[in-house]
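Here come two complexes built around chain A, the first alongside chain B, the second alongside chain C.
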Partner chain A sequence: MPAPRSLSSAVAIAIVRLAAPWIALAAVFLILPTIFHSGSALTMLSLIGIMIVFTLSYNMLLGETGLLSFGHAVYYGLGGFLAVHAMNTVIRNALPVPLLVVPLVGGFSGLLFGIIFGSVSTRRAGTVFAMISLGLGELVASSSLILRGFFGGEEGVSTNRTKLLHVFGLNFGPQIQVYYLIAGWCLLCMATMYALTRTPFGRMCNAVRENPERVQFVGYNPRMLRFIAFSLAGLFAGIAGALAAINFELVNSAEVGAGQSGLVLLAAYIGGIGSFIGPVIGAILVTWLEVMLSDVTDVWQLYFGLLFIGMVMFAPNGIAGLLTMHAPLWQARAYGSMLRLALAYLVALVPALVLLAGLILVIEMTYHLSVKMSEGRTISVFHVALDSGSAMPWVVAAVLTCGGFWLFRLTWPVVGAAWHVALVRAQAERRTK
Partner chain B sequence: MLELVTISTLNGVLYGMLLFLMASGLTLIFSMMGVLNFAHASFYMLGAFFGFQISQILGFWPALVAAPVLVGGIGALVERYGLRHVHRHGPVAELLFTFGLAFVIQEIVQMIWGKGPADYRVPAALDFSAFTVFSTNYPAYKMFELLTAVAIFAVLFTVLTRTRVGLIIQASLTHSHMVAMLGHNVPRVFMLVFGVGTGLAAVAGVIAGPALVTQSNMAGALGPILFVVVVVGGLGSLAGAFLASLLIGLVQTFAVSVNVSVADVLGSIGVAAPAGGVLFDVWDVTVAQIAPIIPYLLLVLILIFRPTGLMGTREH
Partner chain C sequence: MTAPAVELIDLHKNFGATKIIRGVSLAVQAGERHAIIGPNGAGKSTLFNVISGRLVPTSGTVQLNGEDITGLPPHQINRRGLSRSFQVTNIFPRLSVWENVRCAVLWSLGHKYAFWRSIEGLADVRERTETILEAVDLTDRRRVQAGVLTYAEQRALEIGVTIAGGAGTLLLDEPSAGMSVAEATRAVALIRKVSSGCTLIMIEHDMGVVFDIADRISVLVHGQIIASDIPARIKQNSEVQAAYLGGAP
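Our next item is the complex of A and B:
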């Protein structure tokens, strides 16, 4: 029998273990702006924080409960709109409400609309749910262009975040203050959503995803579980929307539209819907790509779509899935075979990069030749000036693409073999231990 | 009033038949592979742009044949080298694959033809008025669209229900293992259906392109309506898709021509509109304005009260 003292110390250790990752994350959030302190970096960090909340809320549906939604931006956008209207009301009547609690308004509106729309759409899962979510999304998006008073028409509704009640001497004018506001809410939402996945409710959501019939056999109502998960996802999406509204001081009807719904789906899936960390990776990557790629090329969304299709075809568990695939090797400490695997990856990487370069060349030259003809035929790809009107660059692009593809097909079996060997060795070593 | 009804009916039936041209392919693909092809409207858009490009060089009539063949070929390739591999990851992955495909096609079209509308015009041979109803000239091109759509519907229905090929396709839907045992190549049947389905969407694109606007957002505008059609009609039911296409075509066309607002209705029963507030717009909204919303309202209502759709037999 353990003594009471050791029991309490065991509890303390458990609490520390539980809290440690979150404390570490909080520290990272605190330190990040001191490393990336330029204006554009701060903006990007804020956007990433918003996107993490939004993507994780989406994954409560797709990853945890198995509900594929094509209209999640409805709750994000409506949360944003109601937050902006609330802020404007507060400003107009000089109410004693600080900016810190405005995301709650977004959260509650997201929850409210989640409850309303969830009650009609969560009766069924699968394709029917996906279609209803699409229909509801289009319904709200079309309404946003009609109800101009509420949605502000084309230009949207703007606000001023500095005019609210100032507490602790914060006026939220500088971006750094807004970053810390977003980071704080992001941390809170992440911890809450993670905790939710660990509750019996979260586990039953996974069960509903896997086998709703068996869930009924053990006495739960799958529809009710889907409904609760849907409403909660609406809540967190609403918080994300309110954070975005605070960040931009503007919300327009594009925020409730199909584009935003598609973006969050892309982010969650590319990151990996099978784990909690996946959507976070996806949100970071997608936001970063959105900002970086749109600076470099006008057709960045095409690369984005191609990346998504590639993930769906070859890595359905996303980036997080690719990483966790290697966990058994790491755990078995099979460093020798891991090194060989890394070499095989390097061998396949070269033709893959060649193929990629060829594809980029084709895409950029096509784009230039067809749309931006007026700016002359010369373009610069990878800082190399090319004449997209002459035959030579096209031949080079074709050779790179086809040659890269051919070589990749040749080298890929090497990777497959190395992977197989590494996995078998790792399993064998595990067994001997 | 009679004039309005006649013209609206004609236009509604025409729009409905165009919807059906696409919905037929979509619903066939769905019943075969259990995949709702998110990119179906994108193939329609490809058809319109291919038709535009080919008609610039060869004229309209060769384009009417060549564009659907090309798009159908692309569709078959997508099935063979894309969708077939995704199939093992389950239906969600398939839906996501077609979602990504729609995204990519949209971007490619924007990349090649730009964001503005293409100058795709009605061919000169059909650029006259067919007849005059109540002082309104009805363009011959619209009659041509209508006749083409009806002809394709007739051919499709005959092939599916009266021929050996149709028999194999229908059997592949329900008893794919048995069909394979009998020596038919079921994956190739799937590929052909996907190719023909996307080709049909392209036909719709070629003939609708000049009448509507050929622009890179045409897929995004039509895609969701197409889903409404197949879901309202009942997933996998060709007759249901036909009925729903006509229904939505007529409802939308009639709604556009009705100019009654909420304020008018409430005013007639003695309720005054509020003076201000963020929701004052609700009172000014006319039926014509909410015409784009009606299909989605219909979709949501149907899915709540009759999830199998009008003619569907299966619940998914």
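Our next item is the complex of A and C:
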């Protein structure tokens, strides 16, 4: 009988199609440590994995449901704390629990607190929701300094991830084992969160984001949709927090704080909240910048802020938005005009880098003069020793900044024209095909 | 005798000291096409908002198929089989036409808040969405973002979203507002088609549309129904002519 057979093969093809990106991603996760095998690279990859889960969980609120939360670290941090306490309980009583399942504790904690706090905060959307999330964040952050038994005060709560039940001969001492644990959970969470966007619930979250009032008149309660989204976002944030607890073997009060809540907002927004891949890009970039920048400058958060402002002003759809903007050109295979567009970008990039160099000089010298004068006036920027107290570096910085901006501004029409030409060509070629 | 599809009993709605709806009683029988007309500011849209749960009445009762629905939230009223459209197009502008309609069929097919099953795999949802798009003649525009549709297309989508849940009672708020004569003619045909077998209550300014579609007409002036009758007699009613039709012969 050919009919059922073709049906089952169609189903098989559909399943392969669905699974293929995830299998490819699993392969990438698997081979990444063989390419980046230094200790610091492994640490970075682990941090990225944690941040991807955390940022995607945040985007379930911001991007999918249209809820701007200023307190998402609450569920991340509480997930971490409960995971650490669970690990210590397991160790103390020698319970037969492997480390692999500890993220579940974080997930359940995040879900539980998501349900508790969500039942209060999701009654309203918009500004009211944002304010309540801020208040709840402050509430938990301040109690973390009061309830010292649970939060461990200033120094936090530490644990030892190697003392849990060993399965498959894994003791999770080496970072590579921790990396694979994080990668596995990251993959699972990514696939689940992606699948959630393709369910009746996920689609109605989009509808609530677009027009909560109309949702009511097609039979749905927007409050219930927001509440479920909030609880599930708490669950995944809790898993991320538990992964962080396993990675650092330490959780402190900073993890429930406003800084962490702000970071995840930045990551989601910079990556792009309008697509599933955006927050992933944001998580990778922000983690990488955080690690790299904090090595070279004390004021790395300032650069973060500048990046954020730049994105909000010039690319509100984030990096993913910038990429998808170019999708029509790819689809039309308009390689000639794409090349010209790339050249135009290069032309604009040079003065942009000059402007950036000038800004960095100004920021670093200002910071040095105002905070670190005791170390002398000489600072090293880009491996060049500069006397921040003399006039010359300031003049150079001013010239670079102003001149860079002026030149950059001149390139805008060039880029705009190249973009316009490329888009028109792409549309024309598309029509002829 | 079966209960009326919609029955309003001495309905009042005040905004502060301002009385907008001042004692409206009205029974619309099942299967009836009922038009509500009246001058601007008469309270027609407020009346719709009270019936559909967008506003809670100050006093009085709203019954749907004999059941008291006064003060229920909109989604619960919708689930009981009353669906409404809006005078100012109220759709999901950044979702595709397809997704707009699909969102509106989900609840009535019992999928509720399901977060454990893929929406693409739901054959009933797909079929129903296709049927609705076919009915409102937007099949070719299914992939387009709703916000970039033409005005007439958006109005058609508004009706599509309204009827998608298969509600037995439809409230259409000025479905032909802002349309050209040709567009309004098409809208009338569409309304006829989608409201067959349903109870229809519509607010409408275009008298051509009203007399074309309605079985009965109620005239609302200053928050009160001054006449409620078949179209032929409404035309002749001197009170109505003085209050409303006289202004636009």
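Couple of notes before you dig in:
Everything below uses one rule, namely that the second predicted complex is superposed on the first by the 431 of 433 C-alpha atoms of A that agree within 3 Å, B and C clash if a C-alpha of one lies under 4 Å from a C-alpha of the other, contacts with A are read in each partner's own complex, and residues count from 1 in each chain.
Here, a residue touches a chain if its C-beta (ideal position, glycine included) is under 8 Å from a C-beta of that chain, and two chains touch if they have at least 3 such contacts.
Every value quoted in this text rests on a predicted model; they were computed, and no experiment measured them.
Once the two complexes are overlaid through chain A, chain B and chain C fit side by side, free of any clash as defined at the top of the document. Look at A:299: by the touch rule set out above, it reaches chain B but stays clear of chain C.
Of the two partner chains, chain B is the only one touched by A:269; chain C is not.
Legend: residue contacts after superposition of the two complexes on their common chain; A:139 is shown touching chain B, with no touch to chain C.
If you count the residues of chain A touched by chain B and by chain C, you find the higher number for B.
Vertex at chain A: the C-alpha centres of chain B and chain C lie 80° apart in angle, rounded to steps of 10. Residue contacts after overlaying the shared chain place A:316 against chain B, while chain C stays out of touching range.
Using the contact criterion defined above for the overlaid structures, shared-chain residue A:328 touches neither chain B nor chain C, since it reaches no partner.
Looking at the shared chain after the overlay, A:224 reaches chain C, while chain B stays out of its contact range. Across the superposed structures, the minimum distance from chain B to chain C, using CA atoms, reads 12 Å.
Partner chain A is touched in their complex by these residues of chain C: 52-53, 73-75, 78-79, 83-84, 90-95, 99, 102-104, 106-108, 111-120, 122, 125, 161-162, 164-165. If you check the complex, the residues on chain A that touch chain C are 195-196, 198-204, 206-207, 210-211, 213-221, 224-225, 228, 232. Chain B contributes residues 36, 82, 85-86, 89, 91-93, 95-97, 99-101, 103-104, 107-108, 110-114, 220, 224, 227-228, 231, 235, 277-282, 285, 289-290, 292-293, 296-297, 299-300, 303-304, 307, 315-316 to its touches with chain A in the complex. On the chain A side of its complex with chain B, the touching residues are 66, 68, 70, 85, 120-121, 123-124, 126-128, 130-132, 134-136, 138-139, 142-143, 146-150, 258, 262, 265-266, 269, 299, 301-302, 304-306, 308-309, 312-313, 316, 363, 366-367, 370-371.
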